[in-house]
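The structures come next, written out as structure tokens.
In the two assemblies presented below, chain A is common to both, partnered first by chain B and then by chain C.
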Partner chain A sequence: METKYISQSGIEQWFDAIVTSGKRVFAPVNSRGQVDFKPVKKLSEVADEYIQTTQSIKASVYPKAEVLFSYEKVNGKVNLTDFDPESVPETVLWKVHPCDAAGFKPLSAIFNWDTTDKLHNAHLAKTSVISFSCSAADESCFCTSVNGSPGNTAGSDIQLTMLPDGGAIVEILSPKGEALVALSPSVFVADKGEKKEKYLVDLPVRFNLEEVNAKLNKAFNSTVWKEQSERCLGCGACAFVCPTCACFDIQEDAHGSKGRRIRCWDACGFALFTLHTSGHNPREHQSQRWRQRILHKFFYMPERLSVVGCTGCGRCSRACPVDMNILEHITSIAKQ
Partner chain B sequence: MSEQNTYLPYLMTIEKVIKEAPGVKTYRLKFQDEAEAEAFEFKAGQFGEYSAFGEGESTFCIASSPTRKGYIECTFRDTGRVTSGLASLEEGSTMGFRGPYGNVFPMEEWKGKNLLFIAGGIALPPMRCVIWNALDLRENFKDITIIYGAKTVNDLVYKSELKEWSDRPDVKMVTTVDPGGENADWKGEIGFVPTIVEKVAPSAENTIAIVCGPPIMIKFTFPVLEKLGFKDDQIYTTLENRMKCGVGKCGRCNVGKLYICKDGPVFSKEELNLIPAEEY
Partner chain C sequence: MKKLRERAAELLSQGVVSLVLGYEEGTKRPRPLFCRNSVNAEKLIFDSRCIHNLAVYITKKELVGKERFAVTAPISTLRSIMQLFVENQLNEEKLLVLTVDLNGELREFTTFDEIAAYVAQFELKRGEREQELLSKIEGMTREERWKFWMEEMSHCFKCYACRSACPLCYCSKCVVEVNRPQWINPWPAPLANMEWHINRAMHMVGRCTACGACGDACPIGIPIDLITRKMMEDMAPEFGYIPGQPAKQGNALSTWKLDDREQFIR
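And then the complex of A and B:
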């Protein structure tokens, strides 16, 4: 790993060089009061004042709906066309928060723990992540409670820490990061010895993850699930904004002799998720589905995949229309 | 070698269609690609994702025995979009198959033991695979008892095989229908499966019981077996949670730390005790 300094004008020059290289660049854009990752061509399009994008960057490595393969029926036979990894464009994600970049690890753990996932891996291989450390947070942020931090570099190829002069400390973290630097090498100069920690938001730890894990181990039959989920609408918003939720459905899109099999985001909060054809539903009540969501992220995933299924981004709490606050709920479980 | 796409199915030709019961059919499927046919292997208890192109995929067990080479069979009831799409296919049509997925019945460990099969309704197919596997290797096992029940005489599946099994001197076959499900010609038992198990009272001595049926049947059969002296490590079942991917990723069949599609579908009762019963 190497650390450099880049000036404000250097950042502009480098950004243009990335765009000119032909790579697709996604960055947070403010559109009608909502900030989300969108394709950009100019640095001036990138949003400034915001705490968190509404959606995570998950869709860049795990699209909301993706064609697994397509087919055509010809004279009683079926011709299959496989997903082509070459169809995935080189993509740079600009100004990603550390909590989003940290989401790649749990996502990949799910997709690759046994069989590997050709589609997810193709996206990962073509994606470079430039994260910006966080100088601000809000009451929903809790990355420091789930093994993260405002300056966490996990999942990033490069991390910038913005300085008061408009320039930034640049941490070059991977070969992909080096390749991005090489697009405009002259703008990266010797680091000035500034400590990045000085510029990070101070985010206190809100709960002890191990303590939560130990409590959850015994919490399956607890009344807490019903209490916490009484107002849950089962809308699935929490799963759709989550950087690590990976549950999916497989759907068919067919017209005449042609068709496509499509993987789409799904959510364990939906009643249909586990419904058997017979009508039997092992998770009939919203409280059972809420329990599954929490146990899967904070207990099953750590046990099974050695990674916690939450990066503390706080999106689910912000998105919930009935204010089910995951931080409050986890903290209360930890205190039980 | 480039990475394989897990979701790309094998192309299969429907070689034979057997009408089993109202709405229930068995398809015999052959691989269209010879190299794929050659390389394909599975064991009793495994399942797959079967696709009707145009409709989607459904999860069923492989209902034929691995001792019968060159094809696989599936038995399904026409109940939803995919199964009705499959049901409308004819002999010679193409469908898709992904698999084999999941764990297996530990038949190697059962050598020298008595086997007791208890099945209800459309749950005979996963057991049929094990039954034929055991019958094809008959010398490996002692007594084989099959207790099979359905709602009505009409709903019994594999009717010709039921006859074949009951005609065999080396199989004890008991068929039953729910009270009211009998017809004038019915010569089998009348009563729910757990009741008939209690009546037949198979010995637990050196016996493995394989139970498969609707949740309600399983719930009432386990205590009967317990009363007969069966220990939890002598009882096996196969679970059928809803699945989409079959490979432990889509999240549907996650129960506790386990994925039914990866750690199951086969579980001993001893293993079942470790996962929350309300979740399957």
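And then the complex of A and C:
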């Protein structure tokens, strides 16, 4: 790893060089009163003055709906067109928060836990992540409680820490990061010896992850799930804004002798998610579905995939129509 | 508020009701509270910030149970409760409705007629936000409107928070989940999203009471509540209904009259 300094005008030049290189660039854009990742061409399009994008960057490596394969039957013969990893464009994610970058690890752990997922891996291979450390947070943020931090570099190829002069400390973290730097090498100058930590928001740890894990180990039959989930409406807002939720459905877009098979986002909060063809539903009530959500992220994933399924981004709490505040709920479980 | 808390505590401790559905302080604004004992009644609040439509919970038997329960209801929730009565989804003997009137007095209702008489005093008006957005949309040409809504719907990721927050979306199987035949493409894509939202709107004509819960619930800020509100505003005068005042004669699009003035229906 190497640390450099880049000036404000250097950032502008570098950004232009990335766009000019032909890579697709996604960055937070403020439109319709919401800040979300969108394709951008100019640095001036990128949003400032916000705490968190409404949606995570997940869709760039796990699209909302993606064609697994398409088929056509011609004269009794089936022509199959498989997903082509080469069809995925080189992509740069600009101004990702550390909690989003940290989400790639749990997401990939799910997609590769038995067979390797060709689609997800193709997106990941073509994606470079330029994260910006966080100088501000709100009451929903809790990355420091789930092994993260406002300056966490996990999942990033480059991390910028913005400085008062408009320039930034640049941490070059991977060969992909080096390749991005090589697009405009002259703008990266010697590190000025500034301490990154000075510019990070101070976010106190709110709960002890091991303590939560130990409590959850014995909580399957607890009444806490019913108590916490009563107001839950059973929508998929929390799952869809989450950087690590990976549940999907597979749908058929069939038109006579041809069609497509599509993988699309699903959510364990939906009643339909576990409904069997027989009519039996092993997670019949919302409390069971809420339990699944929490246990999956904070117990099953650490146990089976050695990674916590939550990065503390707080999006689910912000998106929930009825204030199912995950920090509050996990903290209360830790205290039980 | 004090009177509401005292009354809720009394109702619960005397066993008149087993649950008071109300509001408590939340992270940024009040949120729904399932109050099942008199101690928790201390948490109850009721003011202009309480905008969740709690009527969404009262058709869920696994939540409200078999016993009698109470629900605190601002005007918009009262309208939904009336509509649920119209649709035969509620039992007057099981439900106690609490509200605080403009003079700060606690009011209790047990029947459709009592609620209807109270709600009749309040005209359904567009708020500032609705007025601003709707007048903008009303000023558009048909092509501009289509473009506006296609753009808005393209952001939808089908979390169905709109459906989940709506007190009138109580179907045990939603049309979007029917797959034999598959009426609506279930994946999120601009046209498939539009299919869902048109279907949702069609199922709400003559039923929606413009509580705004769907628009409020949308995590990506699509003003979907305006569609059903506008349809209600357009429909009501045509069929002799008062907007926001559900009437026992039934829903405009699911009733008929022998002496209908239109020839085609006879």
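Assume the second predicted complex is superposed on the first by the 336 of 336 C-alpha atoms of A that agree within 3 Å, B and C clash if a C-alpha of one lies under 4 Å from a C-alpha of the other, contacts with A are read in each partner's own complex, and residues count from 1 in each chain.
Here is the rule we use: contacts are C-beta pairs under 8 Å (C-beta built on N, C-alpha and C of every residue); 3 or more make two chains touch, one makes a residue touch a chain.
If you're wondering where the values come from, they're calculated on a predicted model, not measured in any experiment.
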A:K218 touches, of chain B and chain C: first, second, both or neither? neither
Partner chain(s) touched by A:Q251 [first = chain B, second = chain C, both, neither]: both
Chain B versus chain C as contact partner of A:R231, first or second or both or neither: second
Which of chain B and chain C A:F69 touches, first, second, both or neither: first
Which superposed partner A:K195 touches (first chain B, second chain C, both, neither): neither
Residue contacts with chain A in the superposition, chain B compared against chain C: B
First, second, both or neither for A:H276, with chain B first and chain C second: first
Chain C-contacting residues of chain A that also contact chain B: 249, 251
Chain B residues touching chain A - in the complex, by the definition given at the top: 2-9, 11, 51, 53-57, 79-80, 83, 92-94, 96, 214-215, 240-242, 244-245, 247-252, 254-257, 262, 276, 278-280
Partner chain C, residues of chain A touching it in the complex: 32-34, 36, 54-55, 64-65, 139-140, 230-231, 233-237, 239-241, 249, 251, 253, 262, 264-265, 267, 270, 272, 285-286, 317, 319-323, 325, 328
Residues of chain A that touch chain B when the two form their complex: 68-69, 71, 73, 76-78, 80, 82-83, 85, 110-111, 113-119, 121, 220, 246-252, 254, 259, 261, 263, 266, 268, 273-278, 280, 282-283, 288, 292, 296, 299-300, 303-304
Of chain C, residues touching chain A in the complex: 26-29, 31-34, 52, 56-57, 62-63, 152, 155, 157-161, 163-165, 177, 185-189, 213, 216-217, 219-221
